[in-house]
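For reference, the structures are reproduced in the following blocks.
Two complexes follow with chain A in common, the first pairing it with chain B and the second with chain C.
Let's turn to the complex of A and B:
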């Protein structure tokens, strides 16, 4: 027999339960079923056993997309973390004037629509008419094929993504920095530690939990790379900016291979889980 | 009391739900394209239809906004919220809808064949026929893809006339190279979109391919794939050489570089007329010419980019839907369509019927597009057309733009990939 109190508890939690079932549980279970099906949304589903997994392991484009995503992460995460840490340390400095202005300025790109930012950068990166190459030509340097060279396109996207997301991580790290007691720096000053020594021996260890959060968030965010290559390059040149999410999108909504797209999605969820676990295992120990 | 309120609440909810699903719809739902001009035409034609009280009432709605109309239709099909009629269907997806059994066969109407034969050029009907030789789409409008050219650059700077053949194009290319040697601001021959998205190849590779093949698509009637034959090689080679010679920019542009006078030609359809009229400088002069042919005396084939009408199977008013399709594709309606949208209906009598002559006198730039209607080529009927064009696009990227693959090998590999896809489809 359910008590009146329990009933009330169920009523109060029902909005979340309904939300969870519709938005999370159902799609996950449906995707799990889809992994063993062939379905183009128009015709009825057809059970194909493990065929989607066999296709996945034999699909060179998926592995290429995965490699591209890792290349993006290798450039994007260190760049983002280092810049965010450096800027947040500067913004935390007691000597800095116009703090609020700088904090807002760095956060503006975060609140601008990703599509708008991407379109703007696409224009900046244009080989023939872009502002960046006009500047390079102005100082007698060669034009760079920012989005049309297999070697440069992914780093160019990583720079843009870093610019877009930097503000968020600055805010998170700034909160971490502000929670460090000033007395620690005062004691270090008295002991004669330089500013650099204070940064490496007080700031970094004290901001460690925040840094791990930022790395994990940044990694997960990096794996969801989609808008930038979708709008800027379409995955080109020669598939060098094809990210896993863009590939999944193409399989699902250009070619209507829902079963295969679900399999790719689960594979990616597994890869992200693995990477985050490894990060936690090693970074928590190192920092 | 509480129990009574609960029962009443659930009964009301149930009745509302049942109303929304099961009650018979008293009207025909028609979705049109969401661009302003077509929406205005649709409103006009629906109002005209509805003004006759003997007609079944039509409720008009532009297709919901989304990434593409195909995606929105797919969502509607999955969600079982399709309209009765949709009028902007890309023929490349019709085969999928037919296979899914969601659209009706127009051949079931006794007067369909005669009506179609009276409307569209004789040789064009087969391109809209599904693999079971039936029509699941009604051919409505057509956008022949041609070359727009900058008159000032072509005639005054390059001292040339619009190219008719590949040789003419090559000569113009040489003049552009010479011009660029002496000028800091280069001009280009054309600006094909370098994005590897499948549909971009409908506007560079495909018009040139159907011109080179003289109207043949790349899957033959006996399901042979022809992507490693002479027409494909010729087109791939033409663009590959032009990229290598710097005549085509390997760059993405946000601005319209044709209007900025950096291009001699731009591959486009009749929709560009309104765009150029609106955005070009007052002294900007442009014209249109057909896709150059490989040799002299070849016919001016091109891709038609047609958009057609489909009727969904769930409709309760099949006969009335067909009557409305005929109503909106009548001679008078087609004239109004041209006047309001500056697009061309797919008709064989556009340049011969006096009813349209005043319109073409007022819109002379559209005449060349109308002249190309008998030579427009559609698409192969395949369930996997997007995937096939994606394969072409990836090969185009590797062979033509970036020269990462040998032409011969690239086309042989492409042909095998497409053949495997086609073989799987027809097994």
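Let's turn to the complex of A and C:
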């Protein structure tokens, strides 16, 4: 006996069910098949067993790209968390005026396209005619080869990404901070705890769940690094800014190695899953 | 005394940060109006103002057409996401049917799959459907948002069951209930989903670069990206930044109008997503 509710439940859910079959289930199954194939989309697929995995483990460029992405994350995440914590803590003080002005200002780069931000920073970072180097020269410091040195290029991209996303994490953390009862701080004031002590013993522990959300979000976001190196450096100099996504893109759409690109995609899904799991386990225990 | 010092210090830090966030954008706008030679300097007021950079952009690439493409695609995606998310969200929130919990768990699972896995097969699918170089390839994969379904499900759960029962007794269809009864009472939730969907769609570049090759069908960020990275701009910084400024304007206008909604939407997406 099918009730009216039952019938409409399925009817109204049907867009998702159709979508799930086409956009989720099929691609995953197809990806699983592709991993064991060689295919350039023109000739027919060829079964090659585990060859793609063997190639992957011996592919120095993939490991280079993975290392680059980790370098990006290791600079980007701590920098972002510290700055976002600092600023949101400052914004959370009760007698601050212009609070919404500051908040709106920090949020501007979040809404603006990454393309705009990257084109802007590409100019700021330019070695010869860039604004940053001109300012450095102006205060009698040496020029920095921001995007042309293999050592500096990835950190430079990480700094730009921090600048772009900071506002979002400030707002998320601020929401977390505002849920901390004021009475805790008042009690600490009476007990004579300094502002710094209050920050480390009340603010940080109370905001911990939000902090974990922020770390996980920015990790997943960091692993999708693509358009920034694509525009700024094309992965160079000497592949020092080649991110894993840029590498997958190149393998698939420059060299049409669909099977290998699918294998890389799965590998990255596995890496992301592992990193997020480790973060949750480690951070939840630490703080 | 010490409190006062801390207060001034915190204002100082906030003002410095505000400048680092606003100044580059002001400088960018000024750079598009400056003579090319002057761009490397930090001054905000150009020695002479010229619209040559903008003229170059409009002459070299179909930027107006790409604006329309982006607007059409993002608008269609946002509309469809709102309609479908509401239907599915309502079913999950208010209707009891076998398989509901299963459906919900499947959604949770698919949310955790990074797009790196589905990217290649999705492209192959678009090729097989013959949708490469059509709006369909941009709209179809984006028209259902699991995030939207979750958020609206959460919203619709709070809607009073008695009102729905009463509407049913009056002979209203479930579709009517979703769009005529529940929708008008869920504006903030719909605005949140709408803003986030529109922003994500407007700012996406990776997918358009993959499925659109015809210049007249390119989205605005895609066209600007290819313009700046290809040789077309003749490495003229003023022209490239003018293209970037044109790309930023629509979202900035939306942001200035819906500032609070933008910030609250994105903050809540972070917490729930």
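We take it that the second predicted complex is superposed on the first by the 283 of 287 C-alpha atoms of A that agree within 3 Å, B and C clash if a C-alpha of one lies under 4 Å from a C-alpha of the other, contacts with A are read in each partner's own complex, and residues count from 1 in each chain.
Criterion: contacts are C-beta pairs under 8 Å (C-beta built on N, C-alpha and C of every residue); 3 or more make two chains touch, one makes a residue touch a chain.
Since we're looking at a predicted model, the values are computed, not measured.
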Overlaying the two complexes on chain A, which is it for chain B and chain C: clash or fit? clash
More residues of chain A are touched by which partner: chain B or chain C? C
Taking the superposition as given, does A:247 touch the first partner, chain B, the second, chain C, both, or neither? neither
Contact-wise, after the overlay, does A:119 reach chain B, chain C, both or neither (first, second, both, neither)? both
Quick one: classify A:256 as touching chain B (first), chain C (second), both or neither. first
Who does A:41 touch here: chain B (first), chain C (second), both, or neither? both
Which partner does A:127 contact after superposing on A: first (chain B), second (chain C), both, neither? first
Of the two partner chains, chain B (first) and chain C (second), which one does A:237 touch, if any: first, second, both, or neither? first
Quick check on the superposed pair: does A:148 touch chain B, chain C, both, or neither? Answer first, second, both or neither. first
Answer with first, second, both or neither: which of chain B and chain C does A:62 touch in the superposed model? neither
Where on chain A do the contacts with chain B and the contacts with chain C coincide? 41, 119, 123, 126, 129, 234, 253
Sort out for me which residues of chain C touch chain A in the complex. 6-7, 10, 13-14, 17-18, 20-22, 24-25, 27-28, 31, 39-42, 84, 87-88, 90-92, 95-100, 103, 106-107, 110, 112-125, 127, 141, 143-144, 149, 174-175, 178, 199, 202-203, 205-206, 210, 221, 224-225, 228-229, 237, 240-241, 243-245, 247-248, 251-252, 254-255, 259, 262-263, 266-267, 270-271, 273
For the complex, give me every residue of chain A touching chain B. 40-43, 119, 122-123, 126-129, 145, 147-148, 150, 232-239, 250, 253-256
Of chain B, residues touching chain A in the complex: 67, 71, 74, 77-78, 96-97, 99-100, 102, 194-198, 249-255, 257, 384, 386-387, 390, 394, 397-398, 401-402, 404
Residue ranges of chain A touching chain C (in the complex, touch as defined): 5-13, 15-17, 19-20, 22-24, 26-28, 30-31, 34, 41, 86-87, 90-91, 93, 95-96, 101-116, 119-121, 123-124, 126, 129-131, 134-135, 163, 167-169, 171-172, 174-175, 195, 210, 213-214, 217, 220, 223-224, 226-227, 230-231, 234, 244-245, 248-249, 252-253, 258, 261-262, 264-266, 268-269, 272-273
